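Across the two complexes that follow, chain A remains constant while its partner is chain B and subsequently chain C.
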Partner chain A sequence: MSELVTVKIDDREVKVPDGVAIIEAASLAGIDIPHLCYCRCLESTGACRVCLVEVEDTKGLVASCSRKVKDGMVVYTNTDKVKEARRFVIELILSNHPGDCLSCDKNGACELQKYAYELGIEKTGFSMKDPGYAIDDSNPFIERNYNLCILCGRCVRICKLKGADILDFARRGMLTKVTTPLDKSLQESGCDFCGSCLAVCPVGALLEIDRRFRGREWEMKETETTCSYCGCGCGLSFGTVEGEILRATTKDPCDYLCARGRFGWDYVASPERLTTPLIKKEGALTECSWDEALSYAAERLLKLKKEHGPESIGGFIGAGSSNEVIYLFQKFLRACVGTNNVDSSARLLGFPGLLDFCETLGGEAIASLEDVEEADVLLLVDADVTAAYPRVGVAVKKAIANGAKAIVIDPMETKVAKLVSLYLRPKVGTEEFLLAGLLKALLDEGLFDEKFAKTKCDNFTELKKSLNGFKMEGVEKKAGLPADTLKEAAKLYGEGKRPVVLFGAERVSPQSLKLIANLLLLTNRLKGSVLPCLLLSNLQGAVYMGALAEFYPGWKRATEIKDKFKKAWGASLPDAPGLSAMEMLEKAGSSILGMYIIGGDSVAQFPNATDATRALSSLDFLMVQDIFLSETAKLADVVLPGLTLPESDGNIVNMEHRVREIKKCVESPVQSDWKTIAELSKKMGCDMDYSSEKEIAKEIKLLFSIPKRVGKGSCRFMVVEPKRTGEKPDSKYPLSLVTGETSFGFYDGIRISHSKLSSLEPYGGEYVGVSPEDASAMGLEEGSRVRVASRRGKIEASVRIMDSLPRGLLFMPSHFGKRNLLTSDDIDPETKGPRCRLIAVSISKGGKK
Partner chain B sequence: MGKKSKGCACKQAELDCVREILEKYEGRRGVLVHILQDVQKKLGYLPEETLAVIAEGVGLSLAHVYGVASFYAHFYFTPRGENVIKVCRGTACHVRGSKAILEGLEEELEIKDGETTDDLKFTLETVSCVGCCALAPVVVVNEQVLKERDPKKIVTTLKAEGKEKGE
Partner chain C sequence: MSSQDGCAVLIALEFLRGFAEDKMCGKCLPCMLGVAQMVDILEAITKGEGKEEDIRMLEAISSAAVDTARCKLGKDAAGFILESLATSREEYEEHIDEKHCAKKSCEALINYSIIPERCTLCGVCKEVCPVDAVVGEKLIPYLSDNRPYYIREKKCNRCGECLAVCEAGAIEVV
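Then we have the complex of A and B:
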């Protein structure tokens, strides 16, 4: 903390940290100095001259955003001289700003308007000049009207800090304009549509297209809630008018939202939303009443339970639901149906491997985003942070800008890989060798906490022994990285003071998880030192709520906690261990006969979609509750409309293990998901008396708490023999395929496909990424149509040549619905989730445009 | 060979040329304008693709590089003609009839001020003062002050010279 100095501002004496700008000191004293180009989170440029103040013993007026305070400084912010200067500046700006306040959406929220009013400027004394720029609305989200631009440059600076760095001032003098390189459209310029520029624009130059003429600031109802896309759980505020979402923004314009968080909400009002329950009659889904649908479902489920036992029924819930809904869902299956067959998308995206990981290290190991921002060394393993979890990407970029050294391990050269100090590109599927090599290098170089490893951890001798036989030359041979590079990485990481490891939980193998745990234990970094990045908003919550077959709510194994819940729920609970989602599908039609699925599009989520569809079709009874008639819902006997998170109240748990509140911002004609579950339960003879989400939340709170930090770790090293992961390519399927996230897509695709966001995806997201080397070897061009085949099936796609890919690796966006026709449903025996994240494929020319 | 027939191979040559220039300045800071000048000198203008290479080479964003380049009137983003005709529109030249010369040239070349003919032979520009007001009205072609003031004759002479060179 820097020293405090005393300054006097408008006769108010304040102590402020040395080195802050006058405007900040004034703000600490509760004085708001008018400003236009200054923004708290951005570098000051002193461009607008609105924040001029008088400083005693200083000639002329000074820009308070750029001048730093000095001990004993005396400042006047509102003298006649200051006001006169300010009025002059505002009049000059107004001379180049059409006074179209009558129909401007920023009316009432415009900072220029505010100051003009406060200074009593009725008309500018200068002649008005209309710049006559054409309005750019050539993209679906951001309207750029540079006639209103006052050239404050906030958008330029925030784009550099948080966006794609595509804006700058161009030309000069009267012709100066903020623009993209060569005045191209935002799409062509590589804009990532985070919309940060919208949030900081003081006037109406940058506006959400969707809100134009639909509501001004004071007409909007603001609801502060949490984003429900990825696992970051960013805070956002919905502005609604008459039950419609006009825009999403952050309360503090300096906070970040990504493209999905800012613009991905039009799906809520999609006319294709399900609003009425459907029952399959004579092979066709037909509309019916809620009562009819629920009575029918209850009857069918009770029949199955009676004839084949409760174990013949299973449940699956997407991790896009709130804690309350997930908790009630598993309670319904366990206490009312009487089975532990309840699972969630957590199974497909890194759990329960991640649970063991946390249990080894202890909950304190989980880093927060602040920890990432303040880190001095970052190690990213298989984490495309800017695309999959953009808020993490911003934290990483911030750390790097502050001087942090970063190491990226990823066969794909992600955006972040281009910014880092050391990019390690392992051959496809060889991350485990690389991580083991890092461990070995840390040991060899003595860059570890020997005392801690020896005395506080189990299995250290075994670990050492296993690494003794491990040859660095082997890493070079397998992963293609020389020992010296690994040593350099080990040195960088080992010597870090506050290092943080980040990895994409849905991409790293269970074995890699263990290797990363070893790495953290070896260096005794168990406080805010690792952030497992989670893809869905409530993956962590789903696990806390007990939506994994082996676990009860509170992250407790079914076997150790059953009795507590028996008492609490007043029901007899099943003894038989539950089946994972993958196992349920495997046994569908034989021992699993009925399923209840909520949220997400399971057919799109499950690997090997052909078999998954066949499995779900072979069920006696399938009930699906979702917001759209998804591919899964089309197979169902009963379809119930679901609620989106912007329409729900509740809580979620983000990747930092922080509980975040979800608040209803618009009413829906559809009833809440928890109500549907409770009514079904009642019809099956188990009363669930809740009057609101709050009551469910209260029950959860009584049973267990969600600590930000989970208990102490077991600190046990795990001996791992590194292997190549994924399906091995052969002569028939010579290439590897990885699926991953893109900036404008999202996982199962069900929300994005009903949003304008999907229009920003090249080829509508239906593409296969090919490295330039492979493309030229196979004679493929950008946009050519190809067939991609694996051992499970084949699909057609457009070719997208991606520089980020190495030779031999193909990429498909995870929201490309058909990609799961290719993926493998091989089950990992330990995690009971899908084993292969990399599959072997072939590619051939052909297919329709 | 005319500039218009530039194909893919030439693009590659352009980029190689830029890389060569970048190499010259490697490791130095504050060299962006020098690099832009060198590239323009070599290629006649700043082709779009070269800007991205320059940006990467100096470690600045493309937006920043474009911002700097567009600040200066003497950096061009479109190809320029073999002959650059500059008509002075300063006060002295205006008084002595430079407006008519400009209009005559526009008519003769079928382009407006600031444009280049489709065959990339001529670029027509105006300047504010050349610094030799005694000679007003001044027309400068390829850095040479002309004696001739008749637009028609100026163009005919230049075209004839071009043909001669071509043969």
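Then we have the complex of A and C:
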């Protein structure tokens, strides 16, 4: 904490931290000094000269954004001299701003307009200049009109800090202009369309294309809610006019949104949304009334329950739903249907391995994004943070900019790997050897908390013994990394004061998860020291709500807590353990005969789509509730329209275990998902009397609290033997394929494919990434059509040559719908989830364009 | 043009143009936009299009830019104009009020004219004139009408070619 100094601003005495700029000190004193180029989260440049003030005993005027306070400083922000200078500068800027406020969308929110008004400037006294630049609207989202640009440079600075760092000033002197390298379009320049520049532009030079001429600032109704894409759960505000979303932004322009958050909401208004229930009649889905659909579904489910028992029915819910909907869904299955066969996407994306992980380390180990930003050492394992969870990427970039040392372990050279101090590139599928090597190096070098490990962890000797036979040379042989590099990494991590480990929960193997837990235990880093990055908005919430077969709400094992819920729900609850999603599909048609699926497009999400489709088709009865007629919905007997999160109220839990509120920003003709579940339940003879989401939330609150402190943690080392993960390539399938995230795609695919965002994905996302070495060896060129085959199936794709890939590894975006025709449904016996995202494939030329 | 043989207005204009080309970084707005405004005004004055309020405007911009520009280069550039206005105010006034440049350096404010008494009717000026502004007939004894050449002001582009080639010194700048 820096010392406080006393300054006097406009005769107001304030104590402020030493070293802050005058403008910040004034803000602490409640005085707003007019400014244009200054932005709280950006480095000051002192360019616009609007924030000039007078400082006693200082000659001339002083830029308050760049001058730091000194003890005893006396500042005047509103003297005649200051006002005169400010007026001069604003008038000059107006002379170079040939816009017409009448038809500008920024009208009312424009900072230049605000200051001109405050200073009473009706018209600039200088001659008007119009640079006559062409307006760039060649991309779907951002209109760039540099005629209105006042060269404050905020966009340039924020692009460097949070974006793709593609903007800069070009030329000099009077011809200065903000532009991209070689003045190319945003797409060609590698823009990641986070739109941070839009948020900080003080004038109308950068505007969201979607809102142009559709609503001025004061006409927009702002609803503050939470983004519904990845697990970061960023706060955002939807601007709506007459029930239509026109814009998404953050209340504070310094807060980050990624392309998906800022622009990926247009699917909500897609004309292809489902609005009426459908029933399969004579093989075709036909429209029907809600009552007909629900009565029919209730009848079919009751019949199955009566004839084959409740265990013949299963439920699956996508983790894109709110806590309230997920809670009610599992309650419906457990209390009304009477089965524990309820699972969610959490099964496919890192849970329940992650539950054991948290129980070992204790809940306090989970880091927040602030912890990441303030860390001095970061260790990223299989986490493509900038693409999959961009807000985490920004936190990592910020930490690195602040001097943090970062280590990346990933066979793919991700964007962030290019920024870090140490990039460890294991051979494909050998992360476990590398992590075990790190553990060994920490032990060998004495870089661990011996006292803690010996006294608090009861099986330290067991861990030591397991690593005794482990040879560092083995790591070099298996993972291709020399012992010295590992030692260097161990030293970096071991000596860190506030280190944070980040990993992609959907990518690391269950064994790697255990090795990471050991790493944290060994170094006694159990407070804000690890952030498991989650792919879906409410994965954590789904787990808290009990949408995993073996868990009840509140993260409790079904066996230990059933009685409490029996009482609370007033229903008899099933004893038989539930089946995981993968098991349900395996048993579909034999012991599982009916399924109710909400939001999770199983055919697209489940590995080995051919088998998944076959399994779902073999069911007696399938009901799907979704926002679009997904591939899964096409197989259903009853299809119910679902609600998107921007149309719902409720809560979600993000990857930091923070509860985030979801607020309805537009009305929908579709009824709430919870209402649909409650009505179905009633028709099946179990009354669920809720009047709103709030009542469900209240019931949840009475039962357990989030975040639940998982106690102190068991602190038991999890002894594992490292193995090569994934399907082993052989002569027929010689390459490995990994699926992952891209900046403009998203896991579920269905939302993005109904959004303009998909137009930014190369080849519409239907590509296979190939390393330059493999491409030249196989004679493949960018854009060539190829057939990719695995032991499960074969698909066609376009070739995209990706520098980030090592030889032998292929990449496919996870929103490429057909990818799961290739993936393996090999189940991990412990977590009952898919074993690994890494599969063996072959690639051959051919296929239609 | 060296600074000695120009008028104060042209010197100021050339100075600012040079500054904008050379030292100006374009990052601080009062310097960049202020210089652009001053260049516009000075250009107008040298073309005889100066307005009464221009001197006041120049003073206002330059003195405010001295106060607000970020660096010494910008402040100095503005200071140069302020100084020029203070020391050569009459010259500015002459340009604006009388549309006249006493130092004869502002092209738009000068005219080329042929002194009839000196003209030898050799015709070289007519030959070099790129815009056919010179009117006259070469002297052919007993045949031509023997009248001196003259320059049509409206056509003349003030390039000065004729002045350079006239051996008789019959062309003057007024």
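Quick note on the criterion: the second predicted complex is superposed on the first by the 846 of 849 C-alpha atoms of A that agree within 3 Å, B and C clash if a C-alpha of one lies under 4 Å from a C-alpha of the other, contacts with A are read in each partner's own complex, and residues count from 1 in each chain.
Quick note on the criterion: a contact is a pair of C-beta atoms (placed from the backbone, for glycine too) under 8 Å apart; a residue touches a chain by one contact, two chains touch by 3 or more.
On a predicted model such as this, the values are computed, not experimentally measured, just so you know.
Asks: Would you check which partner chain A:S95 touches, where first means chain B only, second means chain C only, and both and neither mean what they say?
Replies: A:S95 sits against chain C, while chain B stays out of touch.
Asks: Look at A:G46 in the shared chain and tell me whether it touches chain B only, chain C only, both, or neither; answer first, second, both or neither.
Replies: second
Asks: Which of the two, chain B or chain C, is in touch with more residues of chain A?
Replies: Of chain B and chain C, C contacts more residues of chain A.
Asks: For A:A490, using the defined touch cut-off, is the partner it touches chain B, chain C, both, or neither? Pick first, second, both or neither.
Replies: neither
Asks: State whether A:A609 touches chain B only (first), chain C only (second), both chains, or neither.
Replies: A:A609 contacts neither chain B nor chain C.
Asks: What is the contact status of A:L207 with respect to chain B (first) and chain C (second): first, second, both, or neither?
Replies: neither
Asks: Could you say whether A:F126 touches chain B, chain C, both of them, or neither, answering first, second, both or neither?
Replies: The second partner, chain C, only.
Asks: So, does A:F169 touch the first partner chain B, the second partner chain C, both, or neither?
Replies: A:F169 sits against chain B and chain C alike.
Asks: Would you please give the residues of chain A that touch chain B in one complex and also touch chain C in the other complex?
Replies: Looking at chain A, the two contact sets intersect at 169, 171-172.
Asks: In the complex formed with chain A, which residues of chain C make contact?
Replies: Result: residues 20-21, 24-30, 32-37, 40, 57, 60-61, 64, 67-70 of chain C touch chain A.
Asks: List the residues on chain A that touch chain C in their complex, please.
Replies: 45-49, 52, 60-61, 63, 81, 84-85, 88-89, 92-93, 95-96, 125-127, 129, 150-151, 153, 169, 171-176
Asks: Help me check something: in the complex, which residues belonging to chain B touch chain A?
Replies: The touching residues are 48, 51, 61-67, 70-71, 77.
Asks: List the residues on chain A that touch chain B in their complex, please.
Replies: Residue list for chain A touching chain B: 156, 159-160, 165-172, 179-182, 189.
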